[in-house]
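Each of the next two complexes has chain A plus one other chain: chain B in the first, chain C in the second.
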Partner chain A sequence: MPGALEMSESLIGRSVNRHHFPEKLTGDAKYSADLIMPGMLHAAILRSPHPHANILSIDTSKAEKLAGVKAVITPFNIPSGRLAVDLFILDTRVRFVGDEVAAVAAVDPDIARKAIDLLDVRYEILPFILDPDEALSKDAIKIHENGNLAIPEPINLERGDIEKGLIEADEIFEDSYYIPAHSAAALEPRAALAYWDNGHLTIWKSTRGVHVERISLSNALKIPTENIRIVGPFLGGGFGNKDETRLGAISAVLAQKADRPVRLEYSREEEFVAGRTRHASYIDLKIGFKLDGTITAIHGVATLNSGAYQASTPQMSRRTGQCMLYLYSCPNVKYESYPAYTNCPTAGSYRALGAPQGHFALETLMDRVAEYLGIDPVEFRKKNHVKIEGQPGRRTSPDDQIIDSQPVEGGVPFSSNELGQCLVKGAEAFDWVNRRKSNGSNDESKKYGSGVAIMIYRGGPGYPTGAEVRVNKSGEITVICGLMDVGEGMTTVLSQMCAEVLGVEYADVSTLFGDTESTPDAPITSGSTATFSAGTAVIRASTIIKDSLLALAGTALESEISDLVLENGYISVKTDPDRRMTVKEVASLMTNDYISSISTVDPGSTEYIVNSFGAHFVNVEVDTYTGNVNILKYVAAHDSGVIINPQLSLNQVEGGISQMLGLALSEELVTDRNTGVTLNGSYLEHKCPTILDYPEIQVIFADSVDPVGPMGAKALGEVPSVGVGAAVANAVYDAIGIRFNSLPISPDKIIRALYT
Partner chain B sequence: MNTSLSEYPSSSVNLIVNEQAHQLSVRDHWTLLDVLRDVLELTGSKRGCDRGECGSCTVLLDGVPVYSCQILALQSQGKTVITIEGLSQNGVMTALQQAFLDNDGGQCGYCTPGFVISSLALLRDNPNPTDKEICDALSGNICRCNAYGRIIESVRSASGRN
Partner chain C sequence: MSTFRYYEPESVAEVVSALKDNVNSSVIGGGSDLLSEIKNGTTKPNVLLGLSRIDDLKRITATDTEVRIGSMVTINAVSSDPVIKRDYGALSEASAGLATPQIRNVGTLGGNLNQRPRCWYYRNPLIDCLKKGGTKCYALGGHTKYLCVTEGERCYIVHPSDTAVALSLFSAEIEIASAGDIRRIPIGSFFVSPSENILRETILGPDEFVTAVYLPSHAPESRHMSKYIKARERQSGDFALVSVGISLKVSSGTIQACNICFGGIAPTPYRSIQMEKYLVNRSVENLDVSYAAGLAISDPKPFPDNEYKVTLATNLVKKALSDLICDL
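Then we have the complex of A and B:
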């Protein structure tokens, strides 16, 4: 709907203020841990001190006798249901240091914690494995009964003929890369409040998708979904990472047993250790190329550390390979993935899944290829990045199928692809041609360099998503959606879209989201799909509501519907604009209390692949005495289609880059090799960026209108985080001539590389 | 929460929170944050880490920004506490809060109360801070959405620099 952009009063492309931000600024906004119910108990969890063990018995008698304790649950006294394929509510096997063993509900947190100390557990200690290669070796102890491959089959995707591509190459570059686990570390530790009433369960919890969690809990607790209500209060940071844990189930079972409401809050350390981390990833990458700069083959093999449970490992495994299969025009590509269970903390979904890992390997090795060929890194990428026509080769998926997973075939164009524009505009803003090699001083200890990385991310089309738009007799408009606003601003954007269609002000639209009782079915907020998927549904539902309002107005104004126009809050007769009514006046004419439209969409396209793109440019100062890397300038150019809200989008890109500068330079969740203990489960030691680390960032959005996306928009949430590590690594190389094949590029690594 | 169960030593504490005087019976090991959130039900101050690292529990104690998770409730005896709930008057946000809203100085909002309180103290003592002074003053608050660029812009705007 590009025409919408030309309307002077359009809400699309306008920086309206973030929805619900006033409540957050005054302290009124309630997050899960802020909720209180009369008679509410407080829960605590006993966590395993062993990386791998069978639980033989748990003596609960002392804990149960403690005054104020109202429920104790262990794997031996609760239902044996599964929350996921490999995750029981509680299990008689523990698989990492911090795994859940038992839980207690008591009248206050002090007593709950004391009761935990009184539980007497007998363990049979088992050998443990922290390394994924070792886990996949033939004689390794099985961490789960079906073995240590964390997905049913290894992933093996190929387009063309990789062997042929390697033979055709004049040169082959190959290297091995490692990206460690790190934690999303959202400011809000996970929390849940569970309450039973007459066999009906209600849980308010930190979640990224209430409907999906309801199904999972229904399976685990063996009660019908209609007996469960899940509500997502405000969420204190998602990053794809909430929740995939036992949080909801444990609070539900405790509440059932105690017959009182139970609130369970993770501590900060629990959040780090027993939340979900990014997958530690080993990537072997091979690039075959001709001396004229043509790429003939790309072959990636990923060995991924899934930790103790599967969580989002299947999706993550595919994401890791997407850039290898798709970022550069290449007829012969292959991607293999071997995710393994280990006794490390569980890896799960964290912003862009495996894409940062894949891009780190691909974009640093491509930089070496460009350097070897003597081609400027930006020019090399301009020549070789995938263009709008997509990859060479033939389509293999059925013609009538929405291309919503990760296609490997060629011959399918992108709906839009402004990667070239990102490279040109970004390089210009960065002044790439005149990029600095020095700061002009004589300080020999400081070295300067610049790096570039490009990125691709399959976002937008997701799973079938429903949204409802409702207008009541008073003219109040509500967008109702089952997704969660995880902090990114989905509700703002959906309100803008609805207001745009209905010709009203943004402030006239309120939202209701994240409640299984009152919202239509929806998936989780993940994969950068909310604007695209829910947005498409909201536009459709709003359009139907608009037609209903026009019909009501047609009768009142004695006009044909086709002669009416809805804009600026009025419905008026085109030929006689003085004959008009406000939307409120029209709404008052309805016979029922409200009119409503629910639209469920299966988003995407059968003809196009919908992807978002970006190009990042970074200038660094490396202190060769301290090993510190200082980011002096960062330019990020993005193609995310039409930008619905520039201010929120700017914030999203800046935030994504800054967050991933943590992975690039400082963050890692460290597991002790001898004990399996997480050594740095705190902000101080995990080293998340602070405001002092925040660099100058310039954000550019490409002129791009996606023909498939709602109002021309594409995905944005995760894309900015994808190429940061690679861009920084390339800049550090430019500064000091050392290639780092692992992240973070921390001061100790730089000093070691410089002086040994 | 109540202080019953006699095995926990308890004391009486007087404090003024958002201009309201309270006399409270508290367990001696409870922090000011515990009392604000669990006794007074002022949940605007967040328990982001409970170990003095993230700043989402920042309040003004006799005018000084402190991590309320690092102060025992007993240490606030006789003192004045201002929390995020005490800023707006009759439902009208302060100019500082409005600057955060207008400049999108946050995303998920969990760190926001702490950033607002720290910024309030900064601008009271230094109405025209440089960017360096802004960042120094806010370096004890973590925003994991990393909305730092917009937070800096919000404080600049509130200081009248833009």
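Then we have the complex of A and C:
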């Protein structure tokens, strides 16, 4: 996309190099596992070989006697503290194969692992459940004390009257879908380094949110937050997936007990099994429609496998249904969700949470509806996708309340909605109308087809977020924010925004992120909110700093502030541009060492829904001999408002699609039905595609300026990943006439479907 | 990861005596498989003997009668060798499509033949299966997608080697060193099925190792054409779901000789004798390729999750045979 990378006058829309580019390229950048402290110990974790058991006792004596072992912790010898509603630092119940039982710190990793083998654990083996339906049956053994529903109440959301909508329908299509668990498989396994000094704890840790981690640890360890400092070094792949485990707490307790710094680093196998997976999801979906192509009812029911702990299940169960409630204009919609604890590895937050699952079901079934009606799938979506005016119905939330990014209510317009433009531009770039002519082959074993899917996702408003902008006497500008750059390039984008407001060069702005000691309170980098929420805060703080600089300059230039303009690094008098000073010169006039502004925003709008959109077009070649699906062409058109940094945005779209092509075609984390053991926790067997397997992806950004978003921007981090499975499945159907209701669409499934 | 001593003997004799002197020792080639086995605890050798100082094992040499490939020749070197490319095309193709470039650069032919099965149950440190001396096969009633569809008995592995399938087409012989002895055996006798020995996949004894592979040379007029096709889930690097190698000698439009071998089907490279018999002496013109392909596996006994392999085997052989005939 060379066009998108051209330089513009403004810093907005310019592909400046991402922060710390050289360090990352040369290997100088320090990640959590690269950090070393004098006297540092190495930790290892004993993990449960049983899917469900009570720990009756742990004899640590042999392990403690091993030379070099400095600390052994078990659920019986540490204070019991809660990291989350259902997660203790260590627990006397283990709930999946790989669950943490005990941990050791020793002078080197080999000794730590040897010590682990010397721990003598007595288990009381309990019956185990891997299937969420079975877990929710009445007589199932309780995995947690309150039962197996992984949220307090099932989710049950309705707009309009679903029964009425189904009665009004000329036809009702329904089907069941399954999306398996898979792993984000980030290149960097989780790692933490914990260190105590005089009752104060510091942890360097791979994380998405230092402040949230601090609160969780403060609760678990029962020490005040001000005695804890969490630092997030560079993160080697976030994908929404780096938190929610016992990693930080175990390293902290070991370090306390040993009275030495302790590093805990997951192995690749631990990362797959004891990291957090995408939720395996069963979705039953019903669509009622009229023969004129109007949709009268959409009803989705999701049964979700939360695995052993809750983690992000509340948010995930909700997000799975958002497309069913909102992607298509429809007066009567209903979404129910029943997430269940099971003895599978814990499912947690992974890029776009349940949205890929929901979109797979919805966009596959909608394709069938379009086909039945004899309407082109793109035209069908153009007619029926939700428009800028939002959904029919009346607003039910109070007028002064910020509109949720995942609304149920109707009667609220979008701040911007260029889904129509995505469909038009995407179809044009793909040459959709001529798609049947585009493939020719004499090889009768090859079949070709094209598919489309549209998508809707949260547009950016998230939790209250703080950011500080600081200018010192030397004119050095720093953006300070408590969020983490999880690899997406947020620090780069926020620097661009700050520099734009202050009229300076991008290179003039540095950043300070991910350290509870020096940054204002912030949520985790999640839900595609960073650019939007932190961006809004940065712009606000930058604007206040700009006013302060203008005030300083006003005195020096003997001018009214309103007569001054700040651009291209100069503050000058509008009517007499020769009377000017550089920002550095102005800064030197300040009386204190620096001026600073902290702004905390509750982002969003009381009038509009802020959502991001996209439309994906895929052309596939299906080898009917081998069952392989080859992606020949992929066009992704997105409405994410104003694109602040085209190159980083391109990376987000390509990355999201590539990652989900794994789920669409090859990836699945398999738990053995007879033993509960994870069978394929490795890069080799989990079948993550490599860069050589990815197709070239053409990315188009819609012309869109969001009136709510910072500088017109909306979210982009997750939306590219949500429609991939459906677009591929629809293309495969177009090629071979078979609908796949489960992912991945692997060769064995294709062959089975074609030949039996 | 268990610890081990590592050293590099300078001669084959030294290796053999070291294997004999050290109980629980093993030779190591590129280590891409052995080290992962040690890492996950499937095997715990006390001593590893690196072979990289024995130059004789790292050479490909050709005489009038045979080609000798040392066991330490890398997969990459096998795939790019011009003589192998010309005379044993299927072996070159099998090597070129094996794993990833990184693995082909370190992986050796000897290591590839001696790698252990990929069965998920066998590889998992928490599962004590029959192949590891345990009491049951966990694949029964479990995950069977990648397992064998024929000749499984108590254990349902497939042999993972691509080169073994290709070598089976060319009357290859495996050279084995043991105390005071070097012997050569046909590749068909090198691999053993679970019914013969459930703990091992080859006839190698504890004090033995593979030093070379021999391929008989053919005069140009009696050279076979050959082809190797591999179906896999991840194109950039993966073991075969099913693979097939075919070598064919055609003269005056009639198939004079033919060897067909499958990977991914059985616990050892699977020769399709019934199909070979059908094809020999038939005219390539109007050959009923579909019928022939239907003979691929004589008595398949798939699990519900791997029935697709029977179809896949048929499809691959159809394609390989058509391609070969087309190239005539």
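Criterion: the second predicted complex is superposed on the first by the 742 of 756 C-alpha atoms of A that agree within 3 Å, B and C clash if a C-alpha of one lies under 4 Å from a C-alpha of the other, contacts with A are read in each partner's own complex, and residues count from 1 in each chain.
Assume a residue touches a chain if its C-beta (ideal position, glycine included) is under 8 Å from a C-beta of that chain, and two chains touch if they have at least 3 such contacts.
Bear in mind the structure is a predicted one, so any value in this text is a computation, not a measurement.
*Asks:* Tell me which partner A:P189 touches in the superposition: chain B (first), chain C (second), both or neither.
*Replies:* First partner only, chain B.
*Asks:* Looking at the overlay, does A:G535 come into contact with chain B only (first), chain C only (second), both, or neither?
*Replies:* So A:G535 meets neither chain B nor chain C here.
*Asks:* Between chain C and chain B, which one touches more residues of chain A when both complexes sit on the common chain A?
*Replies:* With both complexes superposed on chain A, more residues of chain A are touched by B.
*Asks:* Please indicate which partner A:P49 is in contact with in the superposed arrangement: first for chain B, second for chain C, both, or neither.
*Replies:* second
*Asks:* One more residue to check, A:K687. First (chain B), second (chain C), both or neither?
*Replies:* Once the two structures are laid over each other on A, A:K687 reaches chain C alone.
*Asks:* Taking the superposition on A as described, I'd like to know which of chain B and chain C A:R752 touches: first, second, both or neither.
*Replies:* second
*Asks:* Where does A:G410 make contact in the superposed view: on chain B (first), on chain C (second), on both, or on neither?
*Replies:* In the superposed model, A:G410 contacts neither chain B nor chain C.
*Asks:* In the overlaid three-chain picture, which partner chain does A:K24 touch, first (chain B) or second (chain C), both, or neither?
*Replies:* A:K24 sits against chain B, while chain C stays out of touch.
*Asks:* Please indicate which partner A:R673 is in contact with in the superposed arrangement: first for chain B, second for chain C, both, or neither.
*Replies:* second
*Asks:* Check the residue A:Y625 against both partner chains and state whether it touches chain B (first), chain C (second), both, or neither.
*Replies:* second
*Asks:* Taking the contacts chain A makes with chain B in one complex and with chain C in the other, which residues are shared?
*Replies:* Common to the two interfaces on chain A: residues 110, 689-692.
*Asks:* Show me the residue ranges of chain B that touch chain A in the complex, using the header's touch definition.
*Replies:* Spelled out, the residues of chain B in touch with chain A are 1, 5, 8, 27, 29, 37, 41-51, 53-54, 56, 83-85, 87-88, 93, 97, 100-104, 106-113, 116, 134-136, 138-139, 141-152.
*Asks:* Along chain A, where are the residues that touch chain C in the complex?
*Replies:* Those in contact with chain C are residues 49, 97, 110, 113, 269, 445, 624-628, 666, 670, 672-675, 677, 679-680, 685, 687, 689-693, 746-748, 751-752, 755-756.
*Asks:* In the complex formed with chain A, which residues of chain C make contact?
*Replies:* 1, 3, 40, 100, 118, 120-121, 124, 126-127, 138, 141-143, 145, 231, 233-238, 241, 305-308, 311-312, 315-316, 318-319
*Asks:* With touch defined as at the start, can you tell me which chain A residues reach chain B in the complex?
*Replies:* Touch residues, chain A against chain B: 15, 17-18, 20-31, 33-34, 36, 67-68, 108, 110-111, 184-189, 234-239, 265, 267-268, 486-489, 647-648, 650-652, 654-659, 682-684, 688-692, 694, 697.
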